[in-house]
Amino acid sequence: MIPGQGFRLLELADRFGGKLIGNPDVLISRIATLARASTGDISFLSHRKYRRQLQATRASAVIVDAEGSMETELPRIVSDDPYLYFAKVSQLLNPPEPADAGIHPDATIGTDCDIAADASIGPGCRLGSGVRIGDGTILGPNCIIGNGTSIGEGSRLFATVTVYAGCTIGRRCIVHSGAVIGSDGFGLAREGERWLKIPQVGSVVIGDDVEIGAGTTIDRGALDDTILEDGVKLDNQIQIGHNVFIGANSALAGCVGVAGSARIGRRCTIGGGAIVLGHLEIADDVHISAGTLITKSIQHPGSYTGVFPFESKRGWARNAAHLRHLDSLAERIRSLEKKLAAMERKE
Amino acid sequence: MIPGQGFRLLELADRFGGKLIGNPDVLISRIATLARASTGDISFLSHRKYRRQLQATRASAVIVDAEGSMETELPRIVSDDPYLYFAKVSQLLNPPEPADAGIHPDATIGTDCDIAADASIGPGCRLGSGVRIGDGTILGPNCIIGNGTSIGEGSRLFATVTVYAGCTIGRRCIVHSGAVIGSDGFGLAREGERWLKIPQVGSVVIGDDVEIGAGTTIDRGALDDTILEDGVKLDNQIQIGHNVFIGANSALAGCVGVAGSARIGRRCTIGGGAIVLGHLEIADDVHISAGTLITKSIQHPGSYTGVFPFESKRGWARNAAHLRHLDSLAERIRSLEKKLAAMERKE
Amino acid sequence: MIPGQGFRLLELADRFGGKLIGNPDVLISRIATLARASTGDISFLSHRKYRRQLQATRASAVIVDAEGSMETELPRIVSDDPYLYFAKVSQLLNPPEPADAGIHPDATIGTDCDIAADASIGPGCRLGSGVRIGDGTILGPNCIIGNGTSIGEGSRLFATVTVYAGCTIGRRCIVHSGAVIGSDGFGLAREGERWLKIPQVGSVVIGDDVEIGAGTTIDRGALDDTILEDGVKLDNQIQIGHNVFIGANSALAGCVGVAGSARIGRRCTIGGGAIVLGHLEIADDVHISAGTLITKSIQHPGSYTGVFPFESKRGWARNAAHLRHLDSLAERIRSLEKKLAAMERKE
């Protein structure tokens, strides 16, 4: 690495593998799309539909697969998985913004806290008592950490994250602004016309390497805990109900809602806006399409969907009207079949 | 009650009724699920599917119905509604965390405020002018209260709640972090290609015993007010548009959206992710399933639903393709019926 | 204008046009609905269904169209578009609440900031370094502005808005509480079972006259930028993924989700709770119904929808069951047609 100038292409190949073709000394300081790249940028071809852009790019080097390698003269690294390779290079070239270690004078810290010396607590943060913050963990401005909550080493909470009392967040986690962790689950018992609140005395336990998006909310358990295993990735504005369990390395896209006590397996993916009802189980390696409502347990790995296809308003009006009469349509088919069978017998 | 140790079972029965069977002196200090309970815990059987756990539980006592009572030897309270009974016991055993009365020095208070002496205003709170905070009301850290807003006695706003100017929140309300009350409704008038903003000069009026979940947003009225009656319960990430009315004791689950000027009756329930369009009326005692889109008024109490059932991606592709041709399928059935009738007439 | 008393009706007509009928000197100090209006109020008839209220209103004056004008004796302004006229009068009568210029002592300001002298920075605001705040721009309490972010003249951020580093917000924008701008997009590459985070190094660029609702989140681009053109209006709790482009004067209602790299044209409208999948293009002047999932590009202007119609739970159960058998229903119709054709040939 040449400070202030970037990495030689050879250094990237040494670090991340792949086959280097072309000038090994070309300097790489940024990563960019094929369309926007210029001198000093490395780019990548992750999908065949961009191959035309590969011809035209002004990048200094590209990351390609074997097929793509034959379509360019540029200095390049050939990898089986250019997208993953790009991710690694991008992490190298774009380390997280550092933060000053120490507690900002405009933060408020409760009693009996254990805050690592090289943690960074931003202005306006409000920590309760008995809070533990691990080595190198960064809290952006105006974060709230409730009594007795613990955050592991190397995590980062961006500004305005709120964590209630008694929660546990693991190591190397990232939590984005506006996220709320540990709020009360929606636990109510009917008493005549009124609702009686059920105290939510469980907690939230989040593993290592979890990322939580902006505005996402994760409720604490009613009696037991809400649990996110290691490597879970939550996009923005996701709602996780009380006592939900999400298995390791599952990834949920924006606006997903998971109702109370649902249990989601490992390595699952859930598309944006999908809703998972409560008290059901989803097996490992299940993939749910965007916008789908999951109303019962899924025992087998695989892909599941359930959305009404859109069309022009006129077409929709014509077709959707029949949905209310499917039962009678089916009945009319049965009746036709019977009559026809009777006629055939007569012949 | 024995301070630091809990309540004798008899004390619970005296307080909340029910029939006590077994040792009245067993000490209860916590509440737990059947599976997790140990000595000192009381548990409960609210659904038949957990009856096996009743056999195995190590709870010191249980709350059961008459049928469950016959399936355990443990000290127990027999109640018609074990879940409601559990809620009451849990409230007794888990009172809300107290907060220090007074205004934190790191809070900012406007002019002409009327803040009860035993209210608690956390660090980083920013109160405008003319704000009224009732007896015993607690504002967590970094809450914002706009000019002229009033919050009744015994309410609690967790950290990072934002209430705009001129709103009214009743007594014993709970508002969770990230909630926003009184933001502008989405009022726009078209002027050629552009949109002209319509000032939102109504307010938000919230009754007593209302709970509002994390990240929920409630817009102020355009001209008149947005109204939540007593006992309304809103889960997380709900959006309530301007001029919406929600009747007493209705409960809305997470991620529900209610568009402007919708009027929802009393004792309604709305499942997670449902959307209620604007300018329509929903009667009292209407129950709407999760994920349902309500496109017109509902005059009669009852249960309503409208979701596309999910299946494996392959099955969906095979069946959903026909949705665009329902009209022609129906036409073909009609045509078959005609032909068959003609043939029958000939015979 | 008579200070403290309002405007004469003539002054409104002089300013905004329209035909004045009746007493030009009647004083107007507020705007109200027909039902609630009293002396000093001007009201408006924007929809025929309120014409009865026009008869009964106690407003001092009304804004009506030619047809409405014949149904009232009140002093009135006749306009082709009473709703737009009302918007203009309301803006005049309800100017935004002013704020004290200057930086509140409880705000934290980084180095090398360029904050206009008449900007207003509320208590608890945390500005990074290199921030630029334009003339007359108001930041409510507890707003966060990341390093190098720029906000143009005359904009207003209500309390508790978070803007990450390196973003650009234009002039006369309004951002409501709880909104988060510039959070990381959901960029992940699979590495075996685990997900590798892709640094999100693009930014968010927002034009002039954009309004962003409470709790709305807008992710920064992965490599290029997320872009909102001039005049875009976003309601509450909308999620905008990384690298999304939204064309000028498009308006999105509450709870909409737009996935990464979607491109939405100009003057589009999207109803509440709709989801737009990623990497697709929507033409100008497309109107999407509430709750619709857009799964592919839309090339032509027009109205599109795709929602399952709701009904009573019993009716739904009867009809929806057939959805899983549409393919076999279609097959049975085909088979009937063949048999019937065979019989007809025989005759």
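Each chain carries a letter (A, B and C) given by its place in the written order, and its residues are counted from 1.
Here is the rule we use: contacts are C-beta pairs under 8 Å (C-beta built on N, C-alpha and C of every residue); 3 or more make two chains touch, one makes a residue touch a chain.
The model shown is predicted, which means the values in this text are computed figures rather than measured ones.
Rotation relating chain A to chain B, from a C-alpha superposition: 120°, rounded in steps of 5. Annotation: the chain A:chain C pair of sequence copies touches via predominantly different residues, less than half of the used numbers being shared. Centroid to centroid, with C-alpha atoms defining each point, chain A and chain C lie 26 Å apart. Counting partners per residue, chain B has 106, 124, 142, 160, 178, 215, 237, 255, 273, 307-309, 311, 320, 323, 325, 329, 333, 336, 340, 343 as the residues that reach two or more other chains.
If you check the complex, the residues on chain C that touch chain B are 31-33, 36, 81, 83-84, 86-88, 90-91, 93-94, 96-97, 104, 106, 122-124, 140-142, 158-160, 174, 176-178, 209, 211, 213-215, 231, 233, 235-237, 248-249, 251, 253-255, 266-267, 272-273, 290-291, 307-313, 316, 320, 323-327, 329-330, 333, 336-337, 340, 343-344, 347.
Interface of chain C with chain A (complex): residues 106, 108, 124, 126, 142, 144, 146-147, 160, 162, 164-165, 178, 180, 183-184, 186, 188-191, 193-199, 201, 215, 217, 219, 223-224, 237, 239, 241, 255, 257, 259, 273, 275, 277, 288-289, 292-295, 302-309, 311, 315, 318-323, 325, 329, 332-333, 336, 339-340, 343, 346.
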